[in-house]
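Consider the two complexes below, in which chain A is the common component and chain B and chain C are the respective partners.
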Partner chain A sequence: MSPLRTVITGSVRYRGREGQLAFILHRLSGLGTLLFLALHILDTSTVYFFPALYKEALALYRHPLFMLGEIFLVAAVIYHGTNGLRIALFDLFPRLWRAEREKPSVYTTLAVTVVLWLPAAFIMGRSLIGHTFLGWE
Partner chain B sequence: MAKVTLKIKRFDPQREPASWWSEHALEAEPTERVLDLLNRVKWEQDGTLSFRRSCGHGICGSDSMRIDGANRLACKTLVSELGSTITIEPLLGMRVQRDLIVDLEPFFAAYRTVKPYFISDAPPPPDGRERLQTPAQRLRFDDTTKCILCACCTASCPSFWASSEYIGPASIVQAHRFIFDSRDEGAGERLQVAGETMGVWRCHTAFNCTLACPRGINITQAIGEVKRALATGRVE
Partner chain C sequence: MTTLNPTSRVVSPPPRSLDGRIWLLMRYSGIALIPLAWIHVLIQDVLVGVHRIDLDYVALRWATLGWRVYDMALLGFAFAHGMNGLRQVLEDYITRDRPRRLVRWGLFAAWLVITAIGAAAIVGGVGRGAGEVGGS
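What follows is the complex of A and B.
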């Protein structure tokens, strides 16, 4: 079985608990952010190489699907950072790494992510609705 | 007695290249172990079913497999802990040789890299007997002495699924057992191996290893302690 197939099989079918969920979300949010950053660097580079294309790239950012994607991008960045801090904190204090601590620590991370994400989601969601349905410039 | 269906993932490269599932209906007592059911299938229904087992009492670590989606020892898993359909698959991330038997050689090769044996140039005590240590010094690495090398932890680790080059939780547990032993002098050599790219830093704390360990070792904590020893340069 190839590593990719093993990872997918394990992620979907292995019965891990909150730690496995946190791990999978960490990987997905990290890869998603990396993909966005790569795209962003590419489209920004058009300012220098193909200035005419840059306006089109900016128009693309106003597309509702893209704006919706950006709202989830913020969630991914916040989760990746918060979960990274959780892991770093536990690495500094290995005695915290016990089975009974895992569940509350993962749920705390998710709660912190949602609390930090909601204000951004509200502002960005308002902009999405404004641009898509109310004709904002 | 309850009716139980065993659903077993089978593979026999001499018979066909792809794996398949076999189903076996059995009457089972809730106090029976999954190993008992596998033995009955092999002895009474299908003699070609292949799996490892030796002591049958959770000491040798031979019968590790994925039971209902999680790694466990078949000899320590009771029918009463599971539903009426029990799914049994080989360990993940390791090459399946036949049915529930996986190739454990890479696992033991990783185990050997951490030098899992006593290292000391100090001369033995004058009376030629034991190298003594205090109960507190012995307690420091007590948890990691319990490992039976069943591979349940390593095969449950998402980092290991992604890269079989990762030495895995079991090897780190073995390294921990000697690094924190006050009589041993090989901590530097072991920490060097543990600190490499495919060492402890591959652990992203998914916690599957600790939950899978049939000996109840706090594996993630042990890995954390090795990480800290590497980061601080102190073995405490």
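What follows is the complex of A and C.
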């Protein structure tokens, strides 16, 4: 199948700059979050259907690799929301849009994402290190 | 190609078609999900953390009706938003009619089943006979 190759090589060659970066990040963060969300709905549902199994799901979530993934999941959720708000505002209120606002708006979403994510990443990272290396209960 | 230099923007979604409504719904649900999903993530992932979450915690949280309503809204908005997003991504690369219809119905069925399972759990709450968990 060549379409996937076309997508990948095209994404690399096409120089859409900030707009393309936002587009790709929005899709990746959305797809990543959806993958987790589907898993999360099903595992949480075990509290009703198979309560004994919920412990197994939690054991998976408490694995260091999963906790690391969780930190990136939070980044994805923050970015997807911030960039989504940018898209929704420009779509619902086209009057707000100016050509010269397009690129700065992308940098604004990235900056907001980093500012919101860093404290969350710090708290979650501390928990990851504490539970993995320092024997926290 | 680069001579195109727009100075203003016109957005005109098809207002009365199904696709137009879904287009609008993606924006409205997206805006609703910013507080809904962010507060959920802030509380459960950052402030509480997965090491303090267990059956008792879920039972305690769902003892408050407001949190069940909250979780139901989150489930409804987030998963529909996500599955329609996945549909849009796939339809960018699947252009033939039959595979496209297959993807649409497949995603719709998956959305319906998983949403129903999640909703049943939120309504039903933490199951009884949950082992060492003290029943309430």
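Assume the second predicted complex is superposed on the first by the 121 of 137 C-alpha atoms of A that agree within 3 Å, B and C clash if a C-alpha of one lies under 4 Å from a C-alpha of the other, contacts with A are read in each partner's own complex, and residues count from 1 in each chain.
FYI, contacts are C-beta pairs under 8 Å (C-beta built on N, C-alpha and C of every residue); 3 or more make two chains touch, one makes a residue touch a chain.
What you see is a predicted model; the values in this text were computed from it and never measured.
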**Message:** After the superposition on A, what does A:L65 contact: first (chain B), second (chain C), both or neither?
**Reply:** neither
**Message:** A:R98 in the overlay: touching chain B, chain C, both, or neither? Say first, second, both or neither.
**Reply:** both
**Item:** Touching partner for A:V7 - first (chain B), second (chain C), both, neither
**Value:** both
**Message:** Looking at A:G30 after the superposition, I want to know if it touches chain B, chain C, both of them or none. Which is it: first, second, both, neither?
**Reply:** second
**Prompt:** Where does A:I129 make contact in the superposed view: on chain B (first), on chain C (second), on both, or on neither?
**Reply:** neither
**Per-residue contact with chain A, leading partner among chain C and chain B** = C
**Request:** Scan A:R17 for contacts with chain B and chain C and give back first, second, both or neither.
**Result:** first
**Asked** Between chain B (first) and chain C (second), which does A:F90 come into contact with in this model arrangement: first, second, both, or neither?
**Response** both
**Fill in**
Dual-contact residues of chain A (chain B, chain C) 3, 7, 87, 90-92, 94, 97-99
**Prompt:** Tell me, which parts of chain C touch chain A in their complex?
**Reply:** 5-11, 27, 30-31, 33-34, 37-38, 41-42, 45-47, 49-51, 53-55, 58-59, 75, 78-79, 82-83, 85-86, 89, 93, 114-115, 117-118, 120-121, 124-127, 129-131, 133
**Prompt:** Of all residues in chain A, which touch chain B in the complex?
**Reply:** 1, 3, 6-7, 9-11, 13-20, 22-24, 26, 87, 90-95, 97-99, 102
**Request:** Mind listing the chain B positions that touch chain A in their complex?
**Result:** 66, 68-70, 92-93, 156, 158, 161-164, 204-208, 210-211, 218, 220-225, 227-228, 231
**Residues on chain A engaged by chain C in the complex (per definition of touch)** = 3-4, 7, 27, 30-31, 33-34, 37-38, 41-42, 44-52, 54-55, 58, 61-62, 67, 70, 73-74, 77-78, 81, 84-85, 87-88, 90-92, 94, 97-99, 120, 123-124, 127, 131, 136-137
